Amino acid sequence: MNKEVLIRLNGISKAYDGETVLDHIDLEIHDKEFMTLLGPSGCGKTTTLRMIGGFETPDEGDVFFDGKRFNDVPPYQRQVNTVFQRYALFPHLNVFDNIAFGLRIQKRPDAEIKTKVKDMLALVNLKGFERRKVSTLSGGQQQRVAIARALINQPKVLLLDEPLAALDLKLRKDMQNELKNIQHQTGITFIYVTHDQEEALSMSDTVVVMAHGQIQQIGTPTDIYNEPINAFVADFIGESNIVDGIMLDDYRVKLAGHIFDCVDKGFGKNEPVDVVIRPEDVDVVATEKGMLRGLVTAVTFKGVHYEIIVDVKGFKWMIQTTDFVAEGETIGLSIDPDAFHIMKKSEFSGMFGDYSSFSDELEKLSDVTEEIEEE
Amino acid sequence: MKKQSVFERIAAAPYVAWSAMFIIGPLLFVVFFAFTDANGSFTLDNILSLPSYSHTFGISLGFSLIATTICLLIGYPLAYCMSRMSERARNVLTILMMLPMWISLLIRTYSLMALLDNGGLVNGFLTGIGLPKVTFIGTEGAVILGMIYDFLPYMVLPIYTSMTKLDRRYLEAASDLGCNSVQTLFKVVLPLTMPGVISGVTMVFVPSISTFYISQKLGGGVFDLLGDTIERQFQLADTYYIGAAISLVMMILILISLAIMNKFSDGGEDIIV
Amino acid sequence: MKFLSKFYIVIIFLILYAPILVVILFSFNESGSLSNFTGFSLYWYEDLFRNDEALTALKNSLVLAVFSSILATVLGTLAAFSISRAKNKYYRRAMESVSNIPMMNPDIVTGVSMMLLFVGVAQFAKAGSYLGFWTMLIAHTTFNLPYVILSVLPKFRQMDKSLTEAALDLGCTPVQTLFRVELPYIMPGIVSGLMMSFTLSLDDFVISHFVSSPDFKTLPLYIYTQTAHEVKFSMYALCTILIFVILFLLIAVNVAGSMGEHRARKKAGKIMMGGK
């Protein structure tokens, strides 16, 4: 990846009516990078995006583009284009005119406009749709038109604000692949906003996890998943058991009354820490061979594996296993040293990682409310 | 968001100036003239002389209340029937109901007169089948009929609009919960279409109580309604002071009744057709 | 039940339309009788068009309707734009309530109050004759304004803010955004506001009755003076003509509603083509 910095955010803060939305954000976006801003609603990800697009001005801090201060450049003078959340296609123009819009503003010759629009329609798989009214298109097709309309101006950066939120699951998966392909083909920097962690992990070069108007962690998808920096990130990305622990010494952590070997070091002696154990990293073994012992309180068949909830001394763990266990059974648990990920205590400690109230429905419900809040 | 642009700020300036001069201004002049005598000095005489018009207030109120009530009794079932027709029929009926609203009141009243006149079609028909002529013009009935005829569409349309907006699922839910159709009408449809009723009542009552043309044409000059009194003060007598006072009182009465009716409508948005 | 409701609808609509149909029918009656249709003739129409006064009134009505509807549309559209963008809740509410006053007030009060304004101002200015075209124009524009705002404001409100942002994003300056995206979007509202104003102005009698003078008569005022004492069949002819004009305008408004979008699109396309 080209490591040239294209956009730099320097200590950006923003508040609406006294409510802080962004709190001293520092961020570097590299050329040709696929970067995703990930976080729950209200975390400030969309505001960050709109600041790069030019629709918001920071209260504090500076935006640099190609090394030049960019704060007061209006949107129409930025080499940045946006794919809006609900597409914002112009209802009075057909597909061709929507895509040609930017070029016409630049007063390009008709012949050039024609070829370019054609190329764009081919790129987004919409050949032959030139004369269609935008209102007759499906959500996925409107999405493609919106992408084509933004890309035709050959921006340095394409901003995408939850572009797939309104599509159904199957279409969303297809579009994820297509977006990734388009990014490869065009070599344009993509900045992508989403609250869907799966989307973020599967598409991005770099993931920026945000919460409470602050950046929690920046890293590759693997980094973010394997080395979450705090309880919030661990919980937001994938499933996690987050357990209170005490770092007795380097490579030795005590949790749930048992002392484990681990691979982490560099903490203070007897420092309280948060310990993340992913559900797939816990082995179910016979009771007598287990490092820990627990009572199975719920079993859900998930196809490839079972998802079981295990009560270990009052703390509910989620464990994914391919072996069948029955509800009410007492089982032993075994964990390898590299399965522990030790994190310093943070403001998020104790808020996440217990599965006592977990259920699939609840999770889905909270997803829905999140989407509604975004509206 | 950004601050408002200069254009956004000044765009309304012409309108603000216009409405200050020609909407607010005239109302201030009504107040001014209502409390002024011919010499231009302050007086309460105009207002105090109003009790001598109590008969006018009385019959105006009576006529318009009767007309409004009958309009409601005719209009509500009509709107209900219309809302149950097929969509195509509904579209046609809506246009047919709107058309008379756009034809001048003057023309419509005049055409009703053509029907009811002594030498008109109805009397022609009556004499044709050997019955005696009936004098319609100059009766209370003719004036009230004129009001109903002229303003019925204003009652029907808002009610009809709120009925078509009514979610079918409420009706299904009501019958699911054991309401028969009459119970559904009274327990679900009526309360939910109340905003339409309120604005329909307003839209019939206000022009009825202030009309002068209907009473001139169909009342044959027998009845002196509020509108007639005001009109005469301004057109013939050229004494604006009493006319202004009556207008002021009428405006206040209407404002009060609007406020009362808005209370009933539960703060729902006004339906304006 | 179904039959009963159909029957009811038919009866009411018959009653509603009977008088209008009678006027239309008898405007073609060759004799001056309201009870007997003796034969078809255009006599009353010829009579009407021989009448200079009627033709002058027609001309006045048209001139007034054109000017007052255009003026109201311009003022009202600007006002709607500003109301839709206003951040201050109280300003917004005040603007909307003021624009509702002429709609809520009975026509006679609007007419009388306007007349008092003109009388009062003339008294202060010691001016002589004051009622005529200008006072009519002011009055008509004033009662048209709320209808323009009512039909344009929702368009501004419905417009997704991101449409404007998308235009800016794609390189439009704010002025270009206004002409290429925002105006085409609200155009159907503007067109229907304009048509509605034109129709209302053509139609108004009560307010005009108070702010006009004998030397500036519109058609409704002319009809009023002509029918003050007797039945005149040439007035039936005039009413018939007016009914059809209004009918035509109403259809035009409805067609404009669906056509407006189409036309606006064509126009926007033309501007774009012309802009190269």
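Think of it as A, B and C in the order they're written, each chain with its own count starting at 1.
Keep in mind that, in the parts below, a residue touches a chain if its C-beta (ideal position, glycine included) is under 8 Å from a C-beta of that chain, and two chains touch if they have at least 3 such contacts.
Please read these numbers as outputs of a predicted model, since none were measured by experiment.
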Most central chain, Cα average position: C
Chain located farthest away, centre of chain B as origin (C-alpha): A
Whole-Å separation of chain centres (CA-atom averages), chain B against chain C: 19
Euclidean distance of C-alpha centroids - chain A vs chain C, Å: 55
Gap in Å, rounded to a whole number, between the CA centres of chain B and chain A: 59
Chain C-touching residues of chain A, taken from the complex the two chains share: 53-55, 74-76, 80-82, 84-86, 88-94, 97, 101-102, 104-110, 149-150, 153
Chain C-facing residues of chain B, complex: 4-5, 8-9, 11-12, 14-16, 18-19, 22-27, 29-30, 32-33, 74, 77-78, 80-82, 84-85, 93, 95-96, 98-100, 102-108, 110-115, 117, 119-121, 123-125, 127-128, 149, 152-153, 206-207, 209-213, 217, 227, 230-231, 234-235, 240, 243-244, 247, 250-251, 254, 258, 272
Residues on chain C engaged by chain A in the complex (per definition of touch): 160, 162-163, 165-173, 176, 180-181, 184-185, 261, 264-265, 268-269, 272, 275-276
Residue ranges of chain C touching chain B (in the complex, touch as defined): 5-6, 8-9, 12-13, 15-20, 22-23, 26, 33-36, 75-76, 78-79, 81-83, 85-87, 95, 98-99, 101-110, 112-117, 119-120, 138-139, 141-142, 145, 150, 174, 199, 203-206, 209-210, 220, 223-224, 227, 231, 235-236, 239, 242-243, 246-247, 249-250, 254
